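Presented sequentially are two complexes of chain A, the first with chain B as partner and the second with chain C.
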Partner chain A sequence: MYDFVPGKVDWAARGLPVEGANAGKPNAGNLAQRDVATCSVDETVGAVQQRAADKGGVCVVVNEQRIVFGVLRDEQLGGSGDAVVADVMRRGPSTFRPHVAAKEMAEYMTKHNLSSAPITTADGKLVGVLFRDVVMKATENDS
Partner chain B sequence: MKALVCEGCGRSVDVCAFCDSEDCNEVICYRCVLYELGEARPPEPHTED
Partner chain C sequence: MPTNIYSPSDVQTLLDNGAQLVEVLPREEYEEMHLPGAIGIPLRHLDLEAPGKLDRSKAVVVYCWDSV
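Presenting the complex of A and B:
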């Protein structure tokens, strides 16, 4: 027997298997794009621009353990290529857990005009990036 | 600078906790985001023994 001490919400937040009425519904974790552009704080913007462009126009700034430090979006990626990522990134961006329902993410991303959102585990490790067009498509038939 | 207030609970915030924007028209605080997205449960009253 294994006693999962952190609790039920944290279990779901880690993207671990769950049962019940919401188990089969799309969520942020299973819709997130896993293959995303990442970079470290000491790279230059110029070094990551093409990488980000190839993966949806966003780059997540992580450390060696893939803990999210920041994010580079159009505004930062379109700036000077000589700038160091640490100086221009949006620090401590809002991140969301994999178990959050796709329908809720779609509603909030639309309401807040957010094109992408980093999805992380509860301890900040990058899972992927959820793009609004993907989550909107997945929930377009939901009532 | 415009004072931002959470639409859900009225708490003052520096930026919207959902979109990180200072110009958001639907400002929400971190605690309300957690409740709204089911990442945390609202506080429940303590029961008496």
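Presenting the complex of A and C:
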């Protein structure tokens, strides 16, 4: 017997096909932007600003294993370019698993006024960033 | 003790060689989403249902939500 340890969340997070009632429905994973700006804690805001601007205006702070430590959004990216990421980042942002339904994400992001949210695997590795305008558009016809 | 595997390609290799794929989560969660071709046998029913649903001569790959 074999145990596929990462499980179906990891499988779906990689964009691999799945079956079932929710298989064709939009969720955090299939709506997330995969090509996102990332940076490390020891970089400066100035070094990250253009990178973030090119990829949706947000930068996810990760380590070498792409484990999420924080996020830089408008407020942090608009600050002093000499500031070190570790000192200004929003630590421990709310993260979501790829299988979370788009409707649930839309409701949460609206309620908490989140413009974006990191999508991660269960062990915290970055999958992508879900932008609120994308998930709102995907759910606009849902009742 | 089962052998742990960590990559989807390892899963696919086993399936290509005739292994059976089993999700051990509750029925509702299986119905919502499962790996292609997986059979759903909730963990607490495994002893009861496995003999009737699985081929003892073939390898079995089990999985659940994630590694946590």
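In this text, the second predicted complex is superposed on the first by the 126 of 143 C-alpha atoms of A that agree within 3 Å, B and C clash if a C-alpha of one lies under 4 Å from a C-alpha of the other, contacts with A are read in each partner's own complex, and residues count from 1 in each chain.
Everything that follows uses one rule, which is that a residue touches a chain if its C-beta (ideal position, glycine included) is under 8 Å from a C-beta of that chain, and two chains touch if they have at least 3 such contacts.
None of the values given here were measured: they were computed from a predicted structure.
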{"item": "Touched partner set for A:Y108, first chain B, second chain C, both or neither", "value": "first"}
{"item": "Partner chain(s) touched by A:A21 [first = chain B, second = chain C, both, neither]", "value": "second"}
{"item": "Which superposed partner A:G7 touches (first chain B, second chain C, both, neither)", "value": "second"}
{"item": "Partner contacting more residues of chain A (chain B vs chain C)", "value": "C"}
{"item": "Partner chain(s) touched by A:H99 [first = chain B, second = chain C, both, neither]", "value": "both"}
{"item": "First, second, both or neither for A:R90, with chain B first and chain C second", "value": "first"}
{"item": "Those residues of chain A which chain B touches in one complex and chain C touches in the other", "value": "9, 97, 99"}
{"item": "Residues of chain A touching chain C in the complex", "value": "1-12, 14, 16-23, 97, 99, 121-123"}
{"item": "In the complex with chain A, residue positions of chain B that touch it", "value": "16-21, 24, 26, 33, 36-41"}
{"item": "Residues of chain C touching chain A in the complex", "value": "2-6, 8, 10-11, 14, 19, 23, 30-38, 59-68"}
{"item": "Interface residues, chain A side, partner chain B - complex", "value": "9, 13, 90, 93-94, 96-97, 99-101, 104-105, 108, 111-114"}
